[in-house]
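Submitted below is the structure of interest, expressed as structure tokens.
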């Protein structure tokens, strides 16, 4: 079978600094692959290369069997890539409903129509209604995104990403800044979504990582120093020394 | 009927009555004044679509206004002289041909300028659009055949079947009709699927890209649509004044259009029309009383921008208690 | 050959004038994030104040001082009275406000000095020409302008790279929040930078006044070229303003001087002339478009 | 401060016309921006000229801002709202191209004190359209004739790269006949150092340049500063060396040859009266040909008003067409296209006692010339 995401020998240099140093990893269908590492390990740089915001110096990225190394971001989305941002990135002046609506519309197409009425496209708003149903955001549906709490923003961003029906979801620190209860909700949401898409999860919250991840890769100074199941990583002495040892201390 | 539509209808009827009112009160020049303000309003509204709704601050919009105007001027010139443009396109004085041609040519110009300019952003975008507009300005100023800096006279307003375009009131109503249609078009445009995408790009381009939107293509499309609108208004202006000149694309004209948008209210449908009307009336009223009208206009503009955010539309909303 | 050299000098002189204007504009732009369309008006203020005082006192140097003082004061008044309230607003409001300022400055100048251009002459000691090459006399005053421009460039280099104020200015151009976080009197810094920018614009106006026509609106014509310099150089970069100013000044002068004649050698007469002049008028804009297409943030962008 | 007061009083003077009961005359002219002084000259010259005829008139003056749109707007109000039947005042041909058709279509008369675009001089001439100044071509032909008469055979001709500039060089070449190197300058250029270098390189026998207003000031100053003034003679047409320009350039203009249709030292009664009236009214401001043209316009219009009154447009048109007035320039008649037929003079700029430039008339170089477009006019 082909991997949903396959990265091989990826290199990115900024001046003298090697932010990504021959990184190779894969994400398979239905899998949650976690990427951990201390601050400055190059996790965000890697995510941004997968998304296409940064073009690597060397190496290859394949998405669902297609080479996407140099494709612009939007084309990768068309191949089934979705993402959330480390600092939530929403359409601040629009309501929760409109944010979701735009995400569905972006997927559904017809985006160059200038004589239709977006507000009357039933296929969009029905789906948005269904998505919102039963979520904590439901009562907040007509509030501007800028006025949501931090946790709600994270939640909305996830819903928007899922509305694109991606094959692979890149999650850039979805737990960051969340309280304990909100983190639990987020873990539940992610767990519920895993049947729909594979995920590459960048996260500092080890509890969440160990709760969710099928496999874990550890990134330090731009290199993958270890990869394996949760248990293998826990047992890996190099990881303990380079990363967990410091973090847990 | 919704309240907004009622207001629109009332405003439209009032505007339609302007020629009568002007005649009745002996202030017949109001017809021309309001007509010009409406055309400028259209040009400003077309700019507002990319500037207010799309977040693209173009400082070269007058280029498309001028290009549209020159299409009418050049076609009339060849019609009058019985020659052909580039040797094979005959001239004409039929509005049903000149206006679509103006819209098309302005759209083409916008496509070229936009395709290059949209590779930049921010202040650089402001300046590069200005640069392209300056190139158009210098091009037309050195076109000897079409009058150079003196411009082209269009001795007769373009003909529209069944109408006496020599009649000032008729011409005014034609302009009003176009302005109203353009307003409704813009209203539909900003509510359309495309309008939503453009609004999204203004608020958060990175997010839109992450949702699979190639923002460049959408912005370019918006830029072209906006340029076409400017071309239409330029073509109408030349018909209205029966004159086209490079002044139409001077950078200060781009600045004026921008001032109209900001004064009226960025990102609102009626704002640019209100801004154009206010600026135009203010200038021409003050000019009657003093040769130094620029001073009070400057001071008033400064007061507006210092004391209110969102221009005259915000003020109107405040006064009418937040109603739309 | 002599002609080429002379044209290079002319380009250099135009370049330093552009630099004087652009240096202030790029700092104001880069540090406060303000688009100041009225920068050209400060150039005009400098020229008018200098000419008027020179006419009254008969002294160019008295005029120079008056021009600098007047433009700096005008700058401070504008900063305190208008700009300070607009830093938090978006570019559009700033454009509108500074557009209004242009109208106010221009018309006030008409009211104070009348519509007729003022006369100033070159100061006595610079009135002649210097034989810089055999067969090439060059106006001493223009050499003086070049020297002043280069001296200001050196002065600004030291101010920005070697002093604490300069450190803040550099920091401000790269990261506005950081300077605020340092607990610096940011308002004071802004006023100072604005006044400095106005002073430099005024200096450019004073230096130009014996060469060009001192008239209302003289600033509006040169401000576009100045913006082009700022954008090509990279917003916020004084080094960029210097390089772009000199390059643009030379490029513009060379185009005007040689393009029409060059075109005439490959094309028939009058059309070549018209095309050549048209192209050289567009030259700086063409150059900006090209630079931005290759480097969308200009040559020496301060912000990453 | 004194300036401020003078300006303010002028402003008041222009708003409270001397003869409030007379025929209304619409004056659309450029009062704002760098070219504002031209409009000021025209407005003031026109007023003095009209006053000299003793006609009953009321001036309605408005700024066009050099913008055709504004011009049309103003014209429309004057014509249709205030019922004005007689317009004048426009400085720039781009404004007159837009305004004149507006006036003619409304059945009004337009008398131009300055702008005379070629588009209205030939086949599109009109009985209600008069020009009192001159047609562009004839102006610069005079300079060409002067340069030829002075015995020069090689010239460098410079003008801005727009229509009037191209016309200027064409006109100069037509009468000059020698070898001409053409240099076009930028429309908004104010530094001509590059052109100075080119002139030095070409080393012609004479330089002809056409740069009205601020550009002309800059050009003359820089011509002197570059050391060319003493070594290569210059020939100019009148808009490039008007009194205001001379005042702003100072000694830089001394030694230059000019061509004009009128000069302040003309020995005729009308001209002397005008010079005296101007000196009394505006002691601080130089009298330029713009004001003189407007003054002549005032004499023409005022005379016609006295004869025909202001009510009957046809009668007024006939009275203006007769051109029955004593022009400050001596000989004056309308050609077939109602543009002037007049004489052209060569002048020299010399230093007066204080070292300031002064224009002295040398000789008549062309007599009773009209313009090339008159032949196309079928009226």
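Order of writing sets the labels: A, B, C and D. Residues in every chain begin at 1.
Here, a residue touches a chain if its C-beta (ideal position, glycine included) is under 8 Å from a C-beta of that chain, and two chains touch if they have at least 3 such contacts.
Computed from a predicted structure; not experimentally measured.
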| item | value |
| --- | --- |
| Shared interface partners, meaning chains that touch subunit A and subunit B | none |
| Between B-D and C-D, the pair joined by more C-beta contacts | C-D |
| From subunit D, the most remote chain by mean C-alpha position | A |
| Distance from the mean Cα position of subunit D to that of subunit C, given in whole angstrom | 34 |
| Mean-CA-position distance for subunit C and subunit A (Å) | 48 |
| Separation of mean Cα positions, subunit D and subunit B [Å, integer] | 35 |
| Distance from the mean Cα position of subunit D to that of subunit A, given in whole angstrom | 73 |
| Residue numbers of subunit B (touch at least two other chains) | 138, 142, 144, 292, 294 |
| Contacts with two or more other chains, residues of subunit D listed in rising order | 31-32, 161, 166, 187 |
| Overlap residues in subunit C, where contacts from two or more other chains coincide | 106-107, 110-111, 274, 277-278, 281 |
| Pairwise chain contacts, counting only pairs that touch as defined | A-B, B-C, B-D, C-D |
| Subunit D partner contacts - residues on subunit B that touch it in the complex | 26-29, 32-33, 36, 138, 141-142, 144, 147-151, 153, 155, 237, 241-243, 245, 247, 283-284, 287-294 |
| Subunit B - residues contacting subunit C, complex | 51, 57, 116, 119-121, 123-124, 126-128, 130-132, 134-135, 138-139, 142, 144, 251-252, 255, 258-259, 261-263, 266, 292, 294-295, 297-299, 301-302, 304-306, 309 |
| Partner subunit D, residues of subunit C touching it in the complex | 2-3, 6-7, 10-11, 13-14, 17, 106-107, 110-119, 121-122, 129, 137, 139, 141-142, 208, 210-218, 221-222, 253, 256-257, 260, 273-274, 276-278, 280-281 |
| Footprint of subunit A on subunit B - complex, ascending | 188-189, 191-197, 199-200, 203-204, 206-215, 218, 221, 225 |
| Sites on subunit A touched by subunit B in the complex | 51, 53, 72-75, 77-78, 82-83, 85, 89-94, 98, 101-103, 105-107, 110-119, 121, 160-161, 164 |
